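Chain IDs A, B, C and D follow the sequence of writing; residue 1 opens each chain.
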Amino acid sequence: MTACISARELEEAGAVLAAESARFASFGWMRGTSGNLSMVLSRAPLRLAVTASGHDKGELTPRDVVLVDGQGAAVHGGRPSAEAELHARVAALTGAGAVVHVHTVASVAMGRREPGGIVFRDLEMLKGVGQPAHDVEVTLPVIANSQDMSELGDRLEAARNPGMPAVVVAGHGLYVWGADPRQARHHTEVVEWLLELELFRR
Amino acid sequence: MTACISARELEEAGAVLAAESARFASFGWMRGTSGNLSMVLSRAPLRLAVTASGHDKGELTPRDVVLVDGQGAAVHGGRPSAEAELHARVAALTGAGAVVHVHTVASVAMGRREPGGIVFRDLEMLKGVGQPAHDVEVTLPVIANSQDMSELGDRLEAARNPGMPAVVVAGHGLYVWGADPRQARHHTEVVEWLLELELFRR
Amino acid sequence: MTACISARELEEAGAVLAAESARFASFGWMRGTSGNLSMVLSRAPLRLAVTASGHDKGELTPRDVVLVDGQGAAVHGGRPSAEAELHARVAALTGAGAVVHVHTVASVAMGRREPGGIVFRDLEMLKGVGQPAHDVEVTLPVIANSQDMSELGDRLEAARNPGMPAVVVAGHGLYVWGADPRQARHHTEVVEWLLELELFRR
Amino acid sequence: MTACISARELEEAGAVLAAESARFASFGWMRGTSGNLSMVLSRAPLRLAVTASGHDKGELTPRDVVLVDGQGAAVHGGRPSAEAELHARVAALTGAGAVVHVHTVASVAMGRREPGGIVFRDLEMLKGVGQPAHDVEVTLPVIANSQDMSELGDRLEAARNPGMPAVVVAGHGLYVWGADPRQARHHTEVVEWLLELELFRR
């Protein structure tokens, strides 16, 4: 079982991820060189394009991307973020085709206020993550941060709400996923909107 | 009585609505794929151009628009949002030539704080929705959300303040209308400004 | 004593004011069609270019400007805002070469909290309006709103702090002035920054 | 020991600083004409390019830059900001290759709340300034403001935390440094993000 991802395929994925990154960076969600985005290029074996580490996320080029396997290790060289392992795990676990990891102020602020999980209810915007707008409590899990990606992955797997394509990592930021980069973008925008709203809770 | 709306007319309306959508999206008022805009193309029978459902509202093209009748049903195919019915009803009820529906954080946050209606008073900005700037209380109605557009329309009709071209749908967002897309834009900006101000009320 | 302002001079002023307006509009300080800007073209007799009323302040062209006299009346036709009278009065009273009137949320929110005037102290940013950064209290006056420009002008004249090129009109917005449009811009940015800071006062 | 900085070298540095300034200005961190940026061009003797005083920081050209020595005095003419002296001192003291001075609302608001220093802990974003994300308290020093750059420099030197490339000047703004303009930018974004987060502390 081999995955032949051509350089061109990888660069096309890099162009998509660079555009999505620039968009999130313009919102202030990737300050410094924080955050990273990925896109699944093959399922069996699992291969993802992940944005390269250490770059300004508003200035990526189509080549600032690394091909990684299901453990987040580089397949053909390059320097993926340590978090590539978690991207790969989210893709394997959820079947997502794209994963967004951003550092938003609202996610960290709300994660502090509601360390046991952030509950939303009766909000039309919940439909944007596939939930009903009425009469149902939807929890966005909050998990403790770790530098051990395997530990962080275990926490994500244990805490994950199948009805919510996102997890807050306390003191850190947001992981969000979707079928493709555009859906992952929309899920990210919806979850961030929900968090910004709840900051106004009294 | 027939309404002959040419493909070109519809596409011209689509270009206007795409530009207005991109503007609102840049403000963060149409996160995910939320919200929709419409423009009346004929009064008798009522025909509106409504933005197509499911698209990113910052990336619409002039063709991402559907022609609907007074019940919000597609006249020549395409997939209007379920909310097209409410757009048509607002246009019929108020005589408006354009309707804006956006999901702003301020409208949902203030709708939660003031579920009985949000009262403004002594604000120059009220002139932007045709009200006096002094000594008059102006109420922005808040109605309960529903997935039944007919029920939501009844609530809007019952709660509507003839002196305020807008309604907050609780847990959902804002409907605003005007004589044409530009006036609807200005009304939307004014109402949102008023809501953002009131979030600072102590 | 006559003031011969050529059509070209007026249009050049219009180009400057259109660019300044677009800038302020991009900050959200001129929502709807609110606010207006002016520039002195002649001192004796007093002649100002004032942005035309009713336009979107992000979309002005160099021609969307009216020549007014010291009473704010149109010299060669066109429709100045009623507030042109106040612009002219500020220019006469203070010697300013440019006047900015914007509707910012922070100015109205702070005017509500501190109706007797907003006091700043020990802030480096005060140097941006010509004040010392240390040990001096600087008051930004707040005056009651009025639709009578003559009354509003009397209040501004009575309340004005010669050491602060700005006044908050309660429930309305901000008047700021400077030697030329660029200095008026900088004064506006400084005053708005100070107001946004004070919203965090506990 | 002489430092021969060519006009071309200085202008190249000016182009970099103009681009960085425009970026920070677009975030609202350099309102009015506030703030200044610098870049080390030679170490022995110390020579820095510093943005010229009094200009709009969103409109600098590559020539709006002054060459200064280790005391912040102009080497070949031009008008450096008085703060150039502090830039030079930070560069000498820390070995930084670039210094950013911006006036952010969050830095002044948090400096008021925590005049003894702002403590961060358990935040992934701390890695962006070279600190661990867990179990360590990291203090961002707050020093009193002064118009005497020598006094301000003494305070910075005395209060400086070697593990934090930034200092808040109370009632004034933020000094941040890094190995080069890009790293200084990233440090600035990270520190500002941390401050914006802490404004949500209850």
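Definition applied: a contact is a pair of C-beta atoms (placed from the backbone, for glycine too) under 8 Å apart; a residue touches a chain by one contact, two chains touch by 3 or more.
Please read all numbers here as calculations on a predicted model, not as lab measurements.
Summarising the inter-chain layout, the chain whose CA centre lies farthest from the centre of chain D is B. Homomeric contact chain A/chain B is classed as different-residue, with under half of its interface positions used by both copies.
Rounded to the nearest 5, the angle that brings the Cα atoms of chain C onto chain D is 90°. Distance between chain centres (mean CA atoms), chain A to chain D: 32 Å. Chain B and chain D have CA centres that are 45 Å apart.
For chain C, the set of residues touching two or more other chains is empty.
Here, these are the chain pairs in contact: A-B, A-D, B-C, C-D. The touching residues of chain B, counted against chain A in their complex, run 28, 31-34, 56, 103, 105, 108-109, 112-113, 145, 147, 169-173, 199. Those residues of chain B lying in contact with chain C across their complex are 27, 122-125, 128, 133-134, 182, 185-187, 189-190, 192-193, 196-197, 200, 202.
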